[in-house]
Amino acid sequence: MAHTLTFREAVAEAIKEEMKRDPTVFVMGEDLGKFGGSFGTTRGLLAEFGEERIRDTPISETAIVGFALGAAMGGMRPIAEIMRCDWMTICMDELVNQIAKMRYMSGGRPEIHLVVRTNTEGGIGLGPQHSQSFEAWFCHVPGLKVVMPTNAYDAKGLLKSAIRGRNPVIYMEPNSLLSMSASIPDEDYTVPIGKAEVKKEGKDVTIVAWGTMLAKSLNAAKTLASEGIDAEVIDLRTLHPMDTETIVNSVKKTGRLVVAHEANRTGGLGAEVAATVQELAFDSLDAPIKRVATPDAMIPANRRLEKYVLPQEDKVIEAVKSIV
Amino acid sequence: MAHTLTFREAVAEAIKEEMKRDPTVFVMGEDLGKFGGSFGTTRGLLAEFGEERIRDTPISETAIVGFALGAAMGGMRPIAEIMRCDWMTICMDELVNQIAKMRYMSGGRPEIHLVVRTNTEGGIGLGPQHSQSFEAWFCHVPGLKVVMPTNAYDAKGLLKSAIRGRNPVIYMEPNSLLSMSASIPDEDYTVPIGKAEVKKEGKDVTIVAWGTMLAKSLNAAKTLASEGIDAEVIDLRTLHPMDTETIVNSVKKTGRLVVAHEANRTGGLGAEVAATVQELAFDSLDAPIKRVATPDAMIPANRRLEKYVLPQEDKVIEAVKSIV
Amino acid sequence: MTITKEKNKTTLSKDQLAEMYHQMVRIRNFEAALPDLFLKGLVVGTGHVSLGEEAVAVGAISALGPKDFVISTHRAHGHALARGSDIKIILAEVFCKATGCTGGKGGSMHIHDFDRYFFGTVGIVGGGITIAGGLGLAAKLQKSGQVCIGFFGDGASNRGTFHEALNLASLWKVPTVYVCTNNQYAMTLPLCNNCANPDIATRAASYNMPGYSVDGTDLWAVYETVKKAVDHARKGDGPSLVVANTYRLSPEHSLRTSSDPTTKYRPPGEVEQWWAEHDPVKITRKKLIDMGILTEKTATKIEADAKKEFEEAFQFAINSPEPEFGVAFEGMYAPEEGGK
Amino acid sequence: MTITKEKNKTTLSKDQLAEMYHQMVRIRNFEAALPDLFLKGLVVGTGHVSLGEEAVAVGAISALGPKDFVISTHRAHGHALARGSDIKIILAEVFCKATGCTGGKGGSMHIHDFDRYFFGTVGIVGGGITIAGGLGLAAKLQKSGQVCIGFFGDGASNRGTFHEALNLASLWKVPTVYVCTNNQYAMTLPLCNNCANPDIATRAASYNMPGYSVDGTDLWAVYETVKKAVDHARKGDGPSLVVANTYRLSPEHSLRTSSDPTTKYRPPGEVEQWWAEHDPVKITRKKLIDMGILTEKTATKIEADAKKEFEEAFQFAINSPEPEFGVAFEGMYAPEEGGK
């Protein structure tokens, strides 16, 4: 049997089930108790679990993440929330120098089982300081795992894997996908970290996307299909470690690759995908790999400008056509 | 006429000359007054300019960089020092959300003329939290410029350009290069931001490198020459904006590219170079672009292990041979 | 450490006081209108209104000279208006129109007015606290005699930037006055779950600077205290911390959150009671009439004029064009040509 | 806010005191030997010795039970030794040998001993302050009765993490005792250029927690104060801040900087005077003999034993193998198999 949930409800349900399953799981972050989270992803949890396990914090991002690390070392499985990815900038030391390295620095001893959840990407008119997505940074940091689900099913399944896992996971929730629904099995399931998913098979070109760009890429694929171009679309889902195999296999079949993400182009994770694929599938490539991304620009608040700056479906179509 | 300076002396000389030239230039950071900087790059400045303009700060990295921004907005040209690149993690909000975006967020009005200097890369046995290089992060942030000189001449010239410029510059000083000397003209000169330099011409393969890997690449090129492989070696110098033209022209000539940097491989700026070049010079490439970098691992303190983990000359040679 | 509770004093002239009331009313009109305009889709993204904080904005900013610096927060409209910024330009920015102060690229969280040394708003809570110290440093190094006010909220006072900035500002004796608008909530978190010691002014002791706790609904108290701190700074005696205690009369934290009906986190009746007993506009009006500075008639005239000004601003903003696509990529870097 | 200066008391038994002196001597020997070993090239990278801080390490850690947590700083050797860690393993780590606690991958800045709940050292100044709060939170949530000591320095107290962590620890009443070893220098910066208010314990008031300022050369004062704070935490009454004031007797900030002759930033004679008048090992020795707890003979025996122990540790460390290359890439991630 199954039920229907939005992305944000799927997040809450994953947390709820894991908290019931494991008393060491708890949640901490800003405005996530009574308010249910600035983006509504923790609604209902306070009523169910109380203030001891659903912990509202002051505006202290370094303490949120640093306490989560200490709590994990002390045997708990914290789920820390940083309200917006833009503010992950504040706790980068905790993430990069402490959390990612604590196990290694300690001779491989402690398990840093914690999740840092954050709302990412733009698209709702919040302007330059509230619309960014820094997945490329986190993937550059050995010791972390990074996931970004694109639908409620994966949101729940990946979050469960992250919570149950034995390593620190950055779990990124794309802003504009939170209200999208999907069918969720009633029974317990997980989605493995490290596996991409082929969302649509195709033979002419591979499109690898994550976050908001996945849906735009699938739409683009529809349009392209009507013009006789058969695109294969891959949802990367786990950004680090990357499922290179699935991508390379696809490119070996199609001979062409477009990578689409919402983060800024230069230094974005699209570069990593392109660099890896051209190395591993050089002889299969019939055309240059194209990247679709936000140009190297800030994201304006004005909705028309925002839409103009962020990559849309047409940019994916354009990129595909330029190489097919 | 010319004189000889080490990299660290060249940094100090650039600051000294610019401070004499422009009363709005000043320096702030940890232990840079009497002590002359933890890596000796500000020696002699306190004696010359006094405490008003050579300002020692407490261990407050967010305040160092935030104050520098305010001071720039108020008309000064601060040179802020973050002792180690690893601690740039602490002031990422100030760098990314405030400094990089202040002009844009303010409708293009203020000039954020400031420099943030930092000691980067590893190689001296300081272990996982004191050996990292995050240039890829900064290049992912529109609004910043990023330079990493590899020799005393460029160190002086690029720092002068950064200080005189009208935009925020992250100026990165590779740890293991600070004692290397070069001949410095006695007269004033600058090195332009945004220009790579071909250090050695060659026709068989292009090696693009920055930081410590430049010297290792030049050494590798010597060894390769003795085996009949003629490598062109490019010092990227400015990492953002990248001098794509120089790289692409070289690759069009050689048909092969190796990118070498010390930062971790995944998400490193090498990926950006590779992704850009395969797009712009696809038809010229006779082989996959290879990256030489620290594998996705922490950098151990033990010197043998450190040397083993960090990429050495032999890795560059190997990479070249794998594609020539 | 000095923690004083200021009493009303009147070094202010009648004209000044009438003008200050005028400013408060301008802010009130502006802020009161926004929730509705947001629901109508005119305000883009989000916005934070400052109902209940009018006396803090006007009292503090009136203590500054025309070339003094101001750094504000995500809740900035009142500060800009108190600084004398053109209400049309501010409203147009809140609507993200081409005529706004950033040309519509920033919106409500990025208000600035460089001509008035209003050096902008920072959407990252606590992000401005260090910048305000740096502006003070610039003034000090250039011996310009300028002073900087750095506004922030009770919630922001728990950011590490607060600690680092106030310590450094004090060590360097920069002329920065830190004004904390304690509206008793950080988003949905009440002060007591926010600050382990809710008497935020106490913290000044950690930094060896004067700390003042004042009634933020009392225009006189705010003005006189900030004035004292500004004079102190201008003399070269360094920064101060002024905590102005008031209440967030706005229905919700932000315009965006107010559209969400599930957000009940304030005790029932609390908002209504503060409106009834501690509305700074009402309090100021009554006091000014009692003092004979305003009459019912002059007060009503001020209010009517302000209404009219807002109505004009509204017409201006709504009729302003959307920004051209091309501007989206402008203003990221200053052109290097023509630099120093 | 409670700022008390503790007086000597003696709830400690003779045996305990003799053992505490023993620990202080172990630390002294270890630290005193390192500068020379660094110059000989045996210490890798850098290292920070804690001469002058022995009474803080031993006094504070003696107030803990065996399962209580400790988080340390870059200056960690003394804390590890006081916790009872095997001196061989610690020295081997400082030499970056395979037998060290991280197998040579961390070095001096990454000492830990998980079997003794010594949860490691953080090379980022102030990085451990939040972690210590989280360990306290883990203890509280699991009702384990454990307490955490989080050590940090006077310099670290100016990091934003100090502010955020102490505020949150107090709000949540976590059982963490924050012990600030004020050795009056942060690298080359003297306390007065470091903390705007050099009385660091004052800061506890900002967080509504007890704040104590104690003589950090006085073993009794440190022990009794930290014990009081530990008991307070264990009872569920929340965190405290204990500032132990002493002096960095070490010639330089770090072993690396000490090889640089240009580093003159302390007033002439200052180090010598502190050695003469405030050496905690000498002070403790004299007091214990005066109190009849030690005799010249038993003290000398302790010192000789410690010397022998260090000599053995040195032989162990120097004869230990270098790590295999293969381990360089081990221990980054925990294997997911066999997880929950």
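As written, the chains take the letters A, B, C and D, and residue 1 is the first residue of each chain.
In this section, contacts are C-beta pairs under 8 Å (C-beta built on N, C-alpha and C of every residue); 3 or more make two chains touch, one makes a residue touch a chain.
Since this is a predicted model, take the numbers as computed values, not measurements.
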- line: Per mean C-alpha coordinates, the chain lying farthest from chain D is C
Task: Consider the two chain pairs A-D and A-C; indicate the one with the greater count of contacting C-beta pairs.
output: A-D
Message: Using mean CA coordinates as chain centres, what's the gap between chain A and chain B in Å?
response: 30
- prompt: Using CA atom averages as chain centres, what separation in Å is found between chain C and chain D?
  reply: 45
Message: Using mean CA coordinates as chain centres, what's the gap between chain A and chain C in Å?
response: 36
Chain A-chain D separation of Cα centroids, rounded to whole Å: 40
Message: Multi-chain contacts only, two chains or more: what residues does chain D have there?
response: 105-106, 110, 122-124, 158-161, 164, 167-168, 171, 193-195, 332
Task: Quick one: which residues in chain A touch 2 or more of the other chains?
output: 58, 60-62, 86-87, 90, 93, 97, 104-105, 127-129, 142-143, 296-298
- line: Residue positions on chain D within touch of chain A in the complex are 69, 71, 101-103, 105-106, 110, 112, 114, 119-120, 122-124, 127, 129-139, 141-142, 146, 148, 160-161, 164-165, 167-168, 171-172, 330-336, 339-340
Message: Taking the touch rule as given, give the residues of chain A at its contact with chain D in the complex, in rising order.
response: 22, 24, 26, 52-53, 55, 57-58, 60-63, 65-78, 93-94, 97-98, 102-113, 142-143, 145, 164-167, 193
Parts of chain A lying in touch with chain B, wherever the complex brings them together: 86-87, 89-90, 92-93, 95-97, 101, 104-105, 127-129, 132, 134, 136-137, 139-143, 240, 242, 263-264, 266-272, 274-276, 278-280, 282, 285, 287-291, 296-298
Statement: chain D partner, complex, touching residues on chain B are 30-31, 33-36, 38, 40, 43, 56, 58-62, 86-87, 90, 124-130, 295, 297-298, 300-305, 308-309
Query: Across the complex, what residues on chain D touch chain C?
result: 158-164, 166-168, 170-171, 193-197, 202-203, 205-209
